[in-house]
Amino acid sequence: MILNIISILFFTAILYFSSSPLVFYLLNGLSICLILLGLFFFLGTSIGVIRFPDFYTRMHAAGKGDTLSSILILFGIALFVLNTGTLSIGLVLVCIKILLIINFIFIGSPTATHAIMDAGYGTEVKHWTNDSEGIKKKK
Amino acid sequence: MVNFFIFVGIIILILMMVVFYRVLKGPTVMDRLLGVNVIGTKATVLLVVMGVIFERVDMFVDIAIGYGLLNFIASIGAAKYFQHHKVLQPRSQWEEDLTKS
Amino acid sequence: MIWQFDILLLTLVVVCGFVSLWIKDLMGAVIVFGAYSFLMCLVWTGMGAVDVAFTEAAVGAGVSTIFFIATVFHTSRTIRYNKWDLSTKFFSSIICILMGFFLMVAIGDFPAWGDALSPVNNNVAKYYLENSMEETKVPNVVTSVLADYRAFDTMFETGVVFVASLVIFTLLLQSDGRKKLMKSAFQKVSFLNVSESLIIRKACGLMVPFMQLFALYVVVHGHYSPGGGFQGGVILGASLILLSMAYDIKKVFARFHMKFMIKSLAVGVLIFAGIGLICLILGGNFLDYSALSKLFPSMGSIKSRYNAMLWVEVGVALTVMSGMFAIYTSLSSNGKFEEGL
Amino acid sequence: MADQFLVLIVLFPLFVGLLIPIIAYFNKSVVWPLAILSLIGSFWAVFNTATQLLKLDPSSSISYYLGNWMAPFGIEYVVDRFNIMVLFAIICVSLLTTIFAKQVIEKELGDNAANFYSLFLLFITGLLGITITGDAFNLYVLLEIASLTSYGLIALGRGRALVATFNYLIMGSMGACFYLLGVGYLFIKTGTLNMDQLYDVLPLLFDSKAVLVGFVFIILGMWVKMAFFPLHSWLPNAYSLAPTAAACLMAPLMTKVSVYVMIRFMLNVFSTEYVYSVLTINNIIVIMSSIAIIAGSIYALSQKNLKKMLTFIIVAEIGYMVGGVWTGHVDGIRGAIYHITADAFMTLCLFMAVGCIVYRVGNDKLESLKGIFKKMPITMICFLVGGFSVIGIPPTCGFFSKWYLISGAFNSGAWYFIIALIISSLINAVLFFRIIEIGFFGAMSNEKPDYKSLQSIKFNEVPINMWLPLVIVSMILIILGIYTNEIMTNFILNIVPMM
């Protein structure tokens, strides 16, 4: 959390002290890269969620990829928002709010995943083994 | 730049639809819960994206914070339900047919 | 309105609705219904109805799914069939289709979406948009309409929350639950004796303070941004619900006891109605906030409107918070108030 | 203070209803007197409003602007000669019921009594608000308050009351939802929610489909709420299983207020021109209400349970009012409006009497009424007055409303409605004379009376605060009948436009 805020303050400082267009393009490029990376991870998540054979492996895809992709996209958007127009306190505040969302997702999503996993284990969801489904399909 | 964000939103929505397939089919309830959890998180992101598109991020970000805070309560509640009632499938002929097909 | 979003979202929403009706396992239906409300929130956002979207987010994501789960928790998870089931379904679907047809018939008669010349935009709403800032100094017109122009409606909507919570509490309160409830007011709760896993406890411990802080921000900042008493109250209630899920209902009772909850439920509406009554006593009409400037001469009539709206929002938040928590505890502990979900 | 009476009508029960959950933690015994006091305060406000109104021109009305925002922008309260009458009926019925209900509530509800009083007063608030408001959306909000509290009140009853409440909940929510949809459609076409402004704007939009759909939905929603015949299925169980006090309050008022709203929308929002000339559905609805009357009466005849019998009589009475309004003749509309008040008191009288019987005898089966006349003479005489009024025997008010209804139907040529009214009166006569027979002679007609058990019965009347309201109600029934002409000329004559 602190790391997030420090990083956004760092970018703010860069924007504040340098007014060259290069910084503008660099930051925009960075944010687009982050968003595209996030989308890529989300693609992985969704493929994982539908293609993995059992609940636990799907959980693996959903829990990690989902959180990471959300964080990346949101961070990219935060940078983009910081970069629009003239720098002002309101803009930085919006950025900090987006960072707060990142933190909440960072805490909340894995907790939810953990709870669901726990419940799935408790209710004895069958896990996939090498010979359970694959062989049936071959026959 | 707005077009880029519309593009991002559409991609997120299409991938959400893909995840929604798991909610639809999901052999067990847990799979559905998993899918809904992913959809919820992505809805938060989509809210912020919409804010950028409408150029009113300062308005939409509040809703997104609320979402991010409340999103996981439902998952925890459902998980606690299953920790108390350790039954995955309710006994119902119809439901069994559904999962077989 | 972004048409690509709309098509995708509306498809998802319709599919969600169908699926949640189609699934026979009620828990599955509840979970899909949760996704439905996520998507509805996005639809509202796409239409630019930010306050509605916020309400949907707070209620749909926060509490309504939990209420459903708590209800299923103490009742049955399956649907019982009888032989009339098919015919009832047949008739109800015919009625639904007829009704949908009726609703659709009139759609051709509607003004276009976002039409500046439509009657809605030219009659009352226009007045609000033009004069709200002058008359109340509140930039968010939704807040000024809800809390001032049509405050009487809002007062009774708060009353609806009060009535709903009171009815659920009264109906579910069992006689042994009543004794335990009276007793538990004087009981010491051991905070170490909890069953839930450490991860969830710690995560909730991290989240709850932020939630409450954010809820207070939403209540107070309703004049400037989407949100207000209702949404803030729901988030506050959700934070209490989260706490009682992560630990135990008893732990939350040690801080906010049920008796206190029922009182604050009434007090919230009474704050709202009481402000109106003070206005009436001071010589204005009921809920005419500008009369309050007689009590505080330093505030002009506009400033007193502005401030009274804030207090009204606080009252709404109090009622909604205690209402949500009262409903949750009643439902999840089945009226015994011992242990919840 | 003098110009605040309109809002005070609603505020008294609202504040006390909200305060009761708090007060009950300190002292439970003050709850009942407080409730009575609040209703007396409300009655005082209604009385003052009425005196103000009667000084004015007959067709004028008094408006009150909540929050001091002028009419289309804020919410407006309007009192004219139509709803002052309904307000009087509501406040009298609720005051008498509250006086009546003390022992019954304590006996039936025990610990829940305090919360019951709170819901009770909020229910009255909702009904008063529905009647007095001049804003279509405000009406919906108050309808929600009234419906939610009524679900709670019914669900506190015994036995299968919860199941009955669930049915009522589903149907009632559908009704409210229909109403809301209708108002939404009107709002889209007109951009206003104020009834007066709607009345001004709507004539330009008479050929609009959206307005038609809005009208249909509003009327349909109200039909669900008032239990008009094919949609009545929730009513009998809900009202017969509810706690006595709740049934006494709800059975006279809830359905009548819905009828009031329907007539209000027909006369004062959509004009009579739209309802009777542009739409040509009069005959169908009069036929439907004739069927409702006959079906309700026949159902009532087949019941062996006193309360259930009365609930089916309510279903038939709803048919009277709906049919009367839709005949499209001035007399029919006047009769229906008069019948709202008359029927509220009739139903109250019958339900109170049954409440007394249940309080003493313990159940409400027809067989258990053997020898009841000697046991509880006051109760039974009042019950008979109510019964005579339902049948339509002259000195009571039931006769006069029926007279107007029949005259309206005759003038508009709806002979089937007249036949239905007469059949229903006959069936009601059979019903009540059967009760007299059982009560006097202590046996069903084919059994021999058991004189020994009759002699062992002692005089066992209910406490004074139960029979006194009952006597007052039966007096009111006769007084309303005697002063019909005055009520017609002073109140009803001017609110129905000539056609």
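A, B, C and D label the chains in the order they appear, each numbered from 1.
Operating definition for what follows: contacts are C-beta pairs under 8 Å (C-beta built on N, C-alpha and C of every residue); 3 or more make two chains touch, one makes a residue touch a chain.
Note that the structure is a prediction, hence the values are computed from the model and not measured.
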item: Closest chain to global C-alpha mean, per-chain Cα centroids; value: C
item: Chain pair with more C-beta contacts, A-B versus A-C; value: A-B
item: Centroid distance [mean C-alpha coordinates] between chain D and chain A, Å; value: 59
item: Centre distance in Å when chain A and chain C are each reduced to the mean of their C-alpha atoms; value: 29
item: Cα-centroid distance, chain A relative to chain B, in whole angstrom; value: 14
item: Between chain D and chain B, distance of the C-alpha-averaged centres to the nearest whole Å; value: 47
item: Chain D residues counted as touching two or more neighbouring chains; value: none
item: In chain A, residues with contacts to at least two other chains; value: 100, 104, 108, 111, 115, 118
item: Of all residues in chain B, the ones touching two or more other chains; value: 16, 33, 35, 58, 62, 65, 69, 71, 76, 78, 80-81, 87
item: Chain C-touching residues of chain A, taken from the complex the two chains share; value: 100, 104, 107-108, 111, 114-115, 118
item: Interface residues, chain B side, partner chain A - complex; value: 1, 4, 8, 11-12, 15-16, 18-19, 21-22, 28, 30-31, 33-35, 37-38, 41-42, 44-45, 48-49, 52, 57-58, 61-62, 64-65, 68-69, 71-72, 75-76, 78-83, 86-88
item: Parts of chain C lying in touch with chain A, wherever the complex brings them together; value: 197, 199-200, 203-204, 206-207, 210
item: Complex interface listing, chain C residues touching chain B; value: 2, 4-5, 8-9, 11-12, 15-16, 19, 24-28, 30-32, 34-35, 38-39, 41-42, 45-46, 48, 50, 53-54, 57-58, 61-63, 65-66, 69-70, 72-73, 77-79, 81, 196, 200, 204, 207, 210-211, 214, 218, 221, 225-227, 231, 235, 238, 241-242, 245-246, 341
item: Residue ranges of chain D touching chain C (in the complex, touch as defined); value: 4, 7, 11, 14-15, 18-19, 21-22, 25, 64-69, 72-75, 111-112, 115-116, 118-119, 122, 129, 137-138, 141-142, 144-145, 148-149, 151-152, 155-156, 162, 181, 185, 187-193, 208-210, 212-214, 216-217
